[in-house]
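Have a look at these structures, which come just after this line.
Both complexes shown next keep chain A, but they swap its partner, so chain B is in the first and chain C is in the second.
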Partner chain A sequence: MEYMVSGRTDTGTLRKSNQDAIDWCVDERSGQALLVVADGMGGYEGGEEASRIAVDTVMEMLAPALTEGMPPEFRRERVQSALDLASERIEVRKVQAPDLARMGTTIVLAWVSGNSALLAHIGDSRCYQLQQDTLHCMTRDDTVVQSMVEDGSIREQDAPNVPFRNVLTRALGAADATATFGEVSLASGDQLLLCSDGLMEALAEEEWHTRLLQAESVQSGVNALIEGSLEKGAKDNVSVVLLSTV
Partner chain B sequence: MSAITFVFERMFSLRLLVVAAAVVFAFAGDSLPLLGYLDRMMFSALEDATGGAIDARELVEPAWSAAAIRGALMAGAMFLVLVVPRLGGAAALPVVLLLAGALVVLQAALMFYQKVWLPLGEVVTLLLAGYLVMLFWLQPQRTIESLTGNVLAARTRLSKLLLRQGQPDEALEVLADCPPDDHTLELQYDIAIQQERKRQYDKAGATYQQILAARRGYRDAAERLAALDSIADEATRAGGSGFDTTRTLVMPQQSVSRPTLGRYEIEREIGRGAMGVVYLGKDPRIARTVAIKTLSYQAFDASELGDLKSRFFREAEAAGRLSHPAIVTVYDVGEEADLAFIAMDYAQGRPLSDFCRPDRLLPLSTALTIVARVADALDYAHGQRVIHRDIKPGNIIYNPDNGELKITDFGIAKIADDSRTRTGSVMGSPLYMSPEQLKGHKVTGASDTYSLGVTLYKLVSGQTPYQGETLAALTYQILNKRPRSVREFNKDLPNGVVRLINKAIQREPDKRFANAAVMAEALRRQASRETAEAS
Partner chain C sequence: MASLSQLVDSVVVTTFDIDQPEVSVGRRADNDIRIDEISVSGHHAVIESVPNAYLEGTVDYYITDQSSTNGTFVNDLRISGRQRLNSQDLVRIGWNEFRFVDEDENAMEKTAYILD
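This part shows the complex of A and B:
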C-alpha cells in the first residue's frame, strides 16, 4: 500500500503564536509512515517549546524504527518510551526555566504500516479515519468534560459551558505520560487525519467531509481544511496532518 | 550636509543684505559715487561754516584711514545685525541717530582741529540705511517670535495636561520640538518619573537619556537611569519576557519611584489571589489604604482578552454597586497597559480558611453566627442581582478581635479560571462549587447558598462533603454521588446543624433553602440554641 502524506499548521486569526507542532515521515521501502501532531500549552513560550520537544523527540526516536522494520508487537513499547523521553525532556526544561513551569502538550501520533495503523495519544488532539463517506473519531479526549459526558454527569450540549471545559485529565509534561493506544485497519482509499482542537472548534465535522471529498490531492485536502478554519475565524492554532492510502 | 542646509536656510535674510552692503561699502566704496555724497556735503558745509578757512589741500588722509573705515563699517554691520534686534526697532532709533551724529561730529572735529580727512560718511550711510532695512526684518521677526513663544507655551501646557491625565508618552511627544530649556527639562523629568511609576522602565530610561543629552548632571537623572538599568538586568536574569500572574511587580529600590496602579501608590505585595497578585496600596488624595487585586493580561491570549476584560469590568462594576457592612467595598476599577485592577477596602483579619483545620475549628456557635451573617449579606447581594459565584472560606475575611466580617471578590473570582485555556493543574478547585455550576448551567442565588453550606460543613468538621484525587474524580462525585454526612467527621454535632447543612447542599437547587435570608434565619435559630445549651 502506498501513502501520500501532507500537513500544515496555522496560527489562526487571533493568536500571536503557534503553539502547535506537526511532523511526519514516510519510508517507502518498508511501506511505513509516521504522523505526529502536538498542541502545546502553558503560556506562549512554554506552549511552543513543549510541543516542539514532543514532536522532535518522537521523530528522533521512531523515524529510525521505520527503516529498521520493527516487528509490530514491539511498537507500542517503543512509542511509549519515546513519549516517556519527551516527557522527561519537558520536565528538565521546566526545572531550567521557571517561566515555563506550566508548560505541557497534547500529542497524537499514528504509526502506519501496511494496512494497519497504531494510534497513540495523550490529551485532546484527535485522530479521525475517513472511510468512503464516513468520518470516525478514533481517539477519546483526555478531558474532564469528556469524562463528564461519558459518565452521564452532563449532557453533550452543556459541554461548552462547563467551568472546567479546558482542563485536560492527561498531558505530556504532567505527572503521567502513559498514552492511550488504538489500532486502525486501513483499506485502500482510506484517509487518516490527525488534528489539534483548533480544527474541531473552528470547523464543524460535517464540513471536513465535503471539503476532503472534493480535494484532488492530500495537499489540497489539508489546505481546504486549514483555509476553511481560517474563513470561520479560527481563534486557536489549527493543525492538520493527513494521510491518504492508494 | 546639515551645515549646508543650515547656511542655505539663513542666507536669504535681510540681515545678510546688511552685512553684504557693509562688505561692498568697505571694498568697493570708492567706485560708488553716491557713497561719497555725505562726505562731500560735510566738506562743503564745513567750508561754508568756516568761511573757506579749510583748504582741501591742507587736509591729510592718514595711512590708517582705509583700515579704520573698513573696521567701522564692519562694526556698524555687526551692530545693526546683532544689537538692533536685541534693542528692538524703537529703542534702537535713538542709539542709531546718536552714533551717526557722533560720527559726523568726530569727522568734523578731525577735519577742523587735526586737519585729518577721515571719510566716515560711508559708515553713517550704512548705519542709517541698514537701520531702515533692519526695520523691515524686525517686523515679521517679532511676529514669528511671538508665535513661536505661543506655540512653545501651548506645547508645555498641553504636555503638563497630558501628564496629569496619565499619558506620559503623549506628553513627551508633544515636547519633542521644544528647545531644552528649564521648563522643558523639568517637564521631561516629571514625565520620566511617571513612566517609572507606571513601570515603563524602558521608556523612563530613554527619557532620562534625553534629559542627560540636553544637560549633563540634570538633578538626579543619572542616578535614576543607573537604577533603572539595574532593574532591567534583574528582569533579564529572571529570564522573564514579561509579567505573568505569578510574577510580582518589580519593587524597585529607593532611587526609583514607587510604582502606581491608576492613582494608587503600591506599598507592597500582600498575597496572590485567584486572578493574580494582590497589593496593598494607598490612595494619596485621601490617604486611604486599599487592597488592589490585579488581573495580569500576560497570562491570556489576545483572543480571550477582549471577552475577559469586558467581563471583569462588568462584574467589578456590579460589585461596586453593593454597599453592605459584611461585603468588601469596591472603590475603583482601572486598567494599565498590562493589567486590569480593582481597588477595594483593605479588610483587616484572616480568611476563614485559617479556621478550617480539624484541630483548630471555631466554636460551633461562632461558626453558625458567622455563616448567618454571610447569608444575610448574600441575601442583600442577591436582591441586587449580584451572585458571588465563589463562596468559600478563603473569600470570607474574619477579624477575631472585633468580630468584623467581610466577603471579598464578589463576582470576579471565577473570571480568570473560566477563561484561561488549559492551565492544567493550576485551577480553582470545585470543592465548594454547586452541581449546577459544574454542569455549566445558569448560576443563581441558590448556587451561593450551596457553596455557603459546604463552607459551613468545612467550618464545623474541617472536611468537605466530597473528596477526590483528581478534578475528574471530584467532579464525578459532586454530580453523581451522595455527600458524606458531616456527622462522620464530627460526632458531637447537634442534629439541627446536620439537617441544616444537608438542606443547604442538596443537589437540586429547589430542595435547598428558598433563599439566603431563610438560611440565615435557620442558622441564627440554631446558633441561639447552641448558646442557650452552652450556658
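This part shows the complex of A and C:
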C-alpha cells in the first residue's frame, strides 16, 4: 500500500498566534508513515512551545523506528515512551519559566504500517477515517463535556453550548501522560485525517466529505479543509494532516 | 449561585434564587417557586443543582418538565427530557417567561485549559 501525506496549519482569522503544531514523515522503503497534530494551550507562548515540544519529541523518537522496521507489538510501548519524554520536557520548561506554568498540549498521532494504523491521543485533537461514503471519528475526546454526554447528563447537540466545553480531562503537561490507543484497518482508497478542534468548530463534518471528494490530490484536500474553515471565519487555529492510501 | 428572574414585557419583576438541590416550580402552594397563573400546571417543572462530577467547584443546573399541560421551553424549544441550563437561557413555564442566570458561569474561562 502506498501513502500520500500532506498537512497544513493556519492561525485562523482571530487569534494572534498559532499554538498548533503538525508534522509527518513517510518511509517508502518500509511502507510506513507517521502523522502528528498537537494543539497547545496555557497562554500563547506556552501553547506554542508545548505543542512544538510534543511534535518534535514524537518525530525524534518515532521517525527512526519507521526505518528500523520495529515489530508491531513494540510500537505502543515506543509511542508511550515518546509521549512520556515529551511530558518530561514540558515539565522541565515549566520549572525553568514560571510564565509557562500552565502550558500543555493535546496530541494525536497515527503510525501507519501496511494496511493498519496505530492511533494514540491525549486531549481533544481527533483522528477520522474516511471510507467511500463514510466519515468515522476514531478517537474519544478527553473532555468534561464528552464525559457528560456519555453519562447522559447532556445530549450531544447541547455540548457546543456548555461554557466549559473546552476543558480537557487529560493533556500532555498534566500529571498523567498516558495515551489512549486504537487500531484502524485501512483499505485501498481510505484516508486518515488528523485535526485540531479548530477544524470541527469552524467547518461542519458534513462539508468535509464533499470537499475531500472533490479534491484532486491529498494536498488540495488539505487546502480545501483549511480554506473552508477560513471562509467560515475560523476563530481558533486550524490544523489538518491527511493521509491517502493507494 | 443561580437565579430565575420572571420577566414581564422583558422587565424583571421577581427573582427567585436556586438555593437548594431541587427547586419545584408550579401553581400549587407546595412549590418552591409558585406561579399562580392558569397556563402553569400544579407541579410544572423541577430545577436541580448538581455538582459537576468531572469539574470540581462547578455546579450544573438541570430543568425537567413534570408532564405539564402547556410545556416547559428553553430558548423557545419545548423540552422533553432533563436539560442542562446555561446562563442567560430564556425559560418559559406555560406562558410565563424567566431568565436563568448563573453568576459563576461568567467567571469561567472560555479558552481551553487542563484539568490537573
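Here is the rule we go by: the second predicted complex is superposed on the first by the 245 of 246 C-alpha atoms of A that agree within 3 Å, B and C clash if a C-alpha of one lies under 4 Å from a C-alpha of the other, contacts with A are read in each partner's own complex, and residues count from 1 in each chain.
Everything that follows uses one rule, which is that contacts are C-beta pairs under 8 Å (C-beta built on N, C-alpha and C of every residue); 3 or more make two chains touch, one makes a residue touch a chain.
All figures in this text were calculated on a predicted structure; none of them were measured in a lab.
Participant: Quick check on the superposition: with chain A as the shared anchor, is it clash or fit for chain B versus chain C?
Facilitator: clash
Participant: In the overlay, answer first, second, both or neither for which of chain B and chain C A:S153 touches.
Facilitator: So A:S153 meets both chain B and chain C here.
Participant: Contacts for A:A21 in the overlay, against chain B (first) and chain C (second): which applies, first, second, both or neither?
Facilitator: A:A21: touches no partner chain.
Participant: Report for A:A224: first if it touches chain B alone, second if chain C alone, otherwise both or neither.
Facilitator: neither
Participant: According to the stated criteria, A:A171 is in contact with first (chain B), second (chain C), both, or neither; which is it?
Facilitator: A:A171 contacts both chain B and chain C.
Participant: Thinking of the overlay built on chain A, is A:R102 touched by chain B (first), by chain C (second), by both, or by neither?
Facilitator: So A:R102 meets both chain B and chain C here.
Participant: Once the structures are superposed on A, label A:V144 by its partner contacts, choosing first (chain B), second (chain C), both or neither.
Facilitator: both
Participant: Out of 55-63, 181-189, 235-243 or 469-477, where does chain B run into chain C after the fit?
Facilitator: Clashing stretch: 469-477.
Participant: Enumerate the residues of chain A that count as touching chain B in its complex and touching chain C in the other.
Facilitator: 41-42, 102, 104, 144, 147-148, 151, 153-154, 158, 161-164, 166-169, 171, 174
Participant: Which bits of chain A are touching chain B when the two form their complex?
Facilitator: Within the complex, chain A contacts chain B at residues 12, 14-16, 41-43, 45, 97-99, 102, 104, 144, 147-148, 151-154, 158-169, 171, 174, 235-236.
Participant: Per the contact definition, I'd like the list of chain B residues that touch chain A in the complex.
Facilitator: By the definition above, chain B touches chain A via 239-241, 244, 299, 301-303, 414, 417-418, 420-427, 430, 433, 437-441, 470-472, 475-476, 479-480.
Participant: If you look only at chain A, which of its residues touch chain C in the complex?
Facilitator: Against chain C, chain A makes touches at 39, 41-42, 102, 104, 124, 144, 147-148, 151, 153-155, 158, 161-164, 166-169, 171, 173-175, 197.
Participant: Quick one: which bits of chain C touch chain A in the complex? Just the residue numbers, please.
Facilitator: 50, 52-55, 58, 60, 62, 81, 83-84, 86-87, 105, 108, 110-116
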